[in-house]
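Supplied in structure tokens, the structure appears directly below.
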Amino acid sequence: MKKLSNEYIEEVVKACRPFASKGRVVDHIPDLDQSHLSNLGVTIVTLDGETYSAGEDEDHFSLQSISKVIILLMALEDFGKEIVFQKVGMEPTDDLFNSISHLEEYEGRRPYNPLINSGAIATASLIRGSTVDDRFERVLELLRKITENKKIKMNEEVYNAECNNSARNKALTYFMESTGVLSSQETENALELYNRMNSIEINSLSLAKLGCFLSNHGRLIGGKKQLIKPDNIRTVKAIMLTSGMYNESGAYAVNVGFPLKSGVSGSIVGAVPGRMGIGIIGPAINKKGNSCAGGEALRILSSDLELSLLHDRNVVNL
Amino acid sequence: MKKLSNEYIEEVVKACRPFASKGRVVDHIPDLDQSHLSNLGVTIVTLDGETYSAGEDEDHFSLQSISKVIILLMALEDFGKEIVFQKVGMEPTDDLFNSISHLEEYEGRRPYNPLINSGAIATASLIRGSTVDDRFERVLELLRKITENKKIKMNEEVYNAECNNSARNKALTYFMESTGVLSSQETENALELYNRMNSIEINSLSLAKLGCFLSNHGRLIGGKKQLIKPDNIRTVKAIMLTSGMYNESGAYAVNVGFPLKSGVSGSIVGAVPGRMGIGIIGPAINKKGNSCAGGEALRILSSDLELSLLHDRNVVNL
Amino acid sequence: MKKLSNEYIEEVVKACRPFASKGRVVDHIPDLDQSHLSNLGVTIVTLDGETYSAGEDEDHFSLQSISKVIILLMALEDFGKEIVFQKVGMEPTDDLFNSISHLEEYEGRRPYNPLINSGAIATASLIRGSTVDDRFERVLELLRKITENKKIKMNEEVYNAECNNSARNKALTYFMESTGVLSSQETENALELYNRMNSIEINSLSLAKLGCFLSNHGRLIGGKKQLIKPDNIRTVKAIMLTSGMYNESGAYAVNVGFPLKSGVSGSIVGAVPGRMGIGIIGPAINKKGNSCAGGEALRILSSDLELSLLHDRNVVNL
Amino acid sequence: MKKLSNEYIEEVVKACRPFASKGRVVDHIPDLDQSHLSNLGVTIVTLDGETYSAGEDEDHFSLQSISKVIILLMALEDFGKEIVFQKVGMEPTDDLFNSISHLEEYEGRRPYNPLINSGAIATASLIRGSTVDDRFERVLELLRKITENKKIKMNEEVYNAECNNSARNKALTYFMESTGVLSSQETENALELYNRMNSIEINSLSLAKLGCFLSNHGRLIGGKKQLIKPDNIRTVKAIMLTSGMYNESGAYAVNVGFPLKSGVSGSIVGAVPGRMGIGIIGPAINKKGNSCAGGEALRILSSDLELSLLHDRNVVNL
């Protein structure tokens, strides 16, 4: 097993950068364009508080689909597992992240799971607060605590772009209204909150801290306070394991083997229980919506550092 | 955390038996009928060699879909990961276990994964041997070693029933021939081998030993010899985690949290890495094909014994 | 062959009324409720100007999906066949009238045809006019000419209900925006025009005159003026023949055999080329969205009066 | 309106031949290859017994999917409308001719209609006869009468190729067995009869006579004897109108407007009620399975000769 160091992360970044050329940068996010194609930033925060980082790890980017993890955490805290999973399933799907077809066919017409677009919008309707502003403020507050970064806020320009580019998500939302998953009161608020959360600006260090928080079962490193119930953390990680990388989740379970969630900005958060959190930004994404270089980095890290939950070293012997 | 004992398993069986009434016993397997509805047998073999068991743990039953685990193990050993996953995907699916639609639509028309019917038939074409007899003999030999049970063999009556009831699987097989997943030479042999493997007779102790073998990374308990490469064992367990319980796999990842595979006979094999193997027989199955009482037993065992891979205790601290 | 008379129509109505009990009245249209269940009105206007009528033929009801015929006629006149069928297909579908799935899968992602909801909304974007008011006024003007009824107008109450109950159609519309079938400029206007057109109030006499106008190749009875080009009339009737009765269109082609279009209010317009127009209102609809009693009336009329285009009498001998 | 003559058909053939270059000849039929790409034969037989013909009208080719028309005619005669349409639907579909997905989803799991592969195989199980030989002999006998060609027989070479290339149809057949559309007794006979019928050798003159027979309501020209009941002829023609050209049927209803059925050999039979039968062979087919040059010929013929059922001339004035 290799040893963690900044030099080691540097090598991984160098080895993975060329994989970016297989992907493309999405064109609807204003602070991202093809000039970011070969960027790659990798940051690891271990549970004993060390940070290792390399590449374009100071790039800021929007949270995009990684917000789905926060949405699910808050909904579980606010309403509990039973109510959340009446509104949304917990099954992985072979459909694309923005698929609408299954809402028409799937039993009960619930979204398959909370980590695809429809599921996240439905779950967002289960975050408490009297107004969208209140609800969003609660989200920011949690995220600031988890990342120990008080400056975290929404990027206005990205938010405007999200709103102007939301036809597909509007379709998903109104479809769910038509089948009773969302009430007409919830529809627009849920989508508005979802758009704001996607537009939260973050960097790879903050992502790594989010991963670390999940790995540490809902406590800050060195902290005693349980910010989120361990059972909810476990639920979120289990769903990340089966569904966090869209319809490439199965391959990531085999080749990486710990809970992950990707965003269309090319970001990925990883949580290695008991060991570390990982934050990655690599804007060139493949057809399934996952960072090309970032995915390769995860495969190398998992192999070199023996991070898979199914690896023999990651086992408590009786 | 509760302590393992025969009495404890007895209690679990007693608590779970009533759940059988929510399901039904399949009617096409000759040695099973509705009189087995409330049967439940649970056997655990730990990695230090202890056995705990209760209920109808002496019932014999056919392997059914649990054979898919053996098929995948052997194909990986015989041809390697790359060739296997050219023929079959590794993604979980929301479709039923015997679905054919996705073969028409899914990219490349490969079956989604090796743990649904189409995928297992395709994978069965990758077990080496000059004849179906040879290939089946190799399977039995491996299974006899793993279970330390030299008597394991095919149940002829079940096999005949499988053959007479194979229209759906024939459809899957010929469809794959029509799209090039299988060559016309492979078609009938693959299905024949698949039918024989489904008809292998087993009991909950042997299943628990199979689980134990997977938990022990491909070695017998107390044995030094690596019967299957650890990387192949890991691959199989990762796919069991995301896809082992048909389209209930996501819920099992959340509520149970370790690799599982179920069969339509109401059997389930579980592998808790580093700790134990679990064998269950509970013939009453739900609409998704999983044992009603057996599933409940797994949820209780996972909670009581803290077996989830995502539970904080199952974590190596640095 | 039976002879047309008011008494004959009376008999047909009497014979068909009991079929209403197999259906139900939709509950989202304010001027319709279950008290209308067994209503049935049938009006026939022949090309030589005679009118035959019986039952609740004075009931007023909203045009609902029959508006799709008018939308298509106007779009063909305004932009021509080529442009219209770039935006929407002309193929029958086995999907439900409000299906969204196929927009995700179907080649080019055009709606299948202009007589399902998505297709009609897309086609509505091809009616000329500087504002929605202008465009709707042009529609009313045409409809008033065709029906020789200057009072035809929108029912405000129905319109409000349409708008409040439009989540599914919003989903279809935004989905088409997301795939480029509609531009973001067109989206809301197209849906607004569609909602207004569905809310136009009509009766069975006016429907029969619409059918008569189609049967008379785009001219009023006794009129010389070609209000709509014959080729456009033919196109509309051909699509009515293959797709006018949702996913029961094939059965109607076999059992009735001339162009039809139904609406969820239980209304049906029929056009028997060269012979007559038929207007029907029978609010109890079946699961496929077609009037139960009205459908039976059409089968009887077609048989008694030998109306099928494929009947040997409806043939010009050389 | 143009006048029918051999010279006129010659011109049509000349004008349409270039359209063949947009298609390709299927490669699994032994008596067809790319050298036939630009072949085009068109034969018309009118109800007053005249024949007009041009191009490669002496080419022999296998009936392929046009056999579905004969299968349906015989099943309707043998078992009647009610029983036939319990086994198979009568709705057009947007799916490909060899689609299997809808058998999994569609209500009742019947094939959509008798003119797609699954539907024709199911319908073939409803042709009476104690053996496949008997049943096939009855088919040949009918076809020989209709075409007044006693030499019509199966092409052995084509039949062998059909059998060797039948994986997809086997899949459809066994799938229908698995869902109860076919009993296990019927499965293999139905497919065997279907393969033989597809392999019947024919030419454009015989096809035109088949069309003529349908146009003449089930009687030979000049004959008094009703070989097939008029109601069954009408049913077959109605289904040809909505579903005869696979998922291009809607476009043909609009642009050609009379009952048609195509085969993958590039053949098309057309029936213009009361006027004529049309036989076409043009082996280059498009992606939807229809002859490129043949389709163009039909569009020109329909326009020039005013053949659409919806054309104002094809109307009986009261």
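First chain written, first letter: the chains are A, B, C and D, and each begins at residue 1.
By our rule, a contact is a pair of C-beta atoms (placed from the backbone, for glycine too) under 8 Å apart; a residue touches a chain by one contact, two chains touch by 3 or more.
Everything numeric in this text was worked out from a predicted model, so none of it was measured.
Between subunit C and subunit D the CA-based rotation angle works out to 180°, given as a multiple of 5. Look at where the CA atoms of subunit C average out and do the same for subunit D: the two points lie 31 Å apart. Between the Cα centres of subunit B and subunit C there is a gap of 55 Å. Our note on geometry: subunit B versus subunit D, Cα centroid distance of 48 Å, whole angstroms.
Looking at subunit D, one finds that residues 105 touch two or more other chains. Annotation, chain-chain contacts: A-B, A-C, B-D, C-D (touch as defined at the top). Considering their complex, residues 99-101, 103-105, 167-168, 170-175, 177-178, 184, 187 of subunit C touch subunit A.
On the side of subunit D, the complex with subunit C involves touching residues 46-48, 89-95, 102, 106, 112-113, 217, 230, 234-235, 237-239, 241-243, 247-251, 253-254, 257, 259, 273-275, 308-318.
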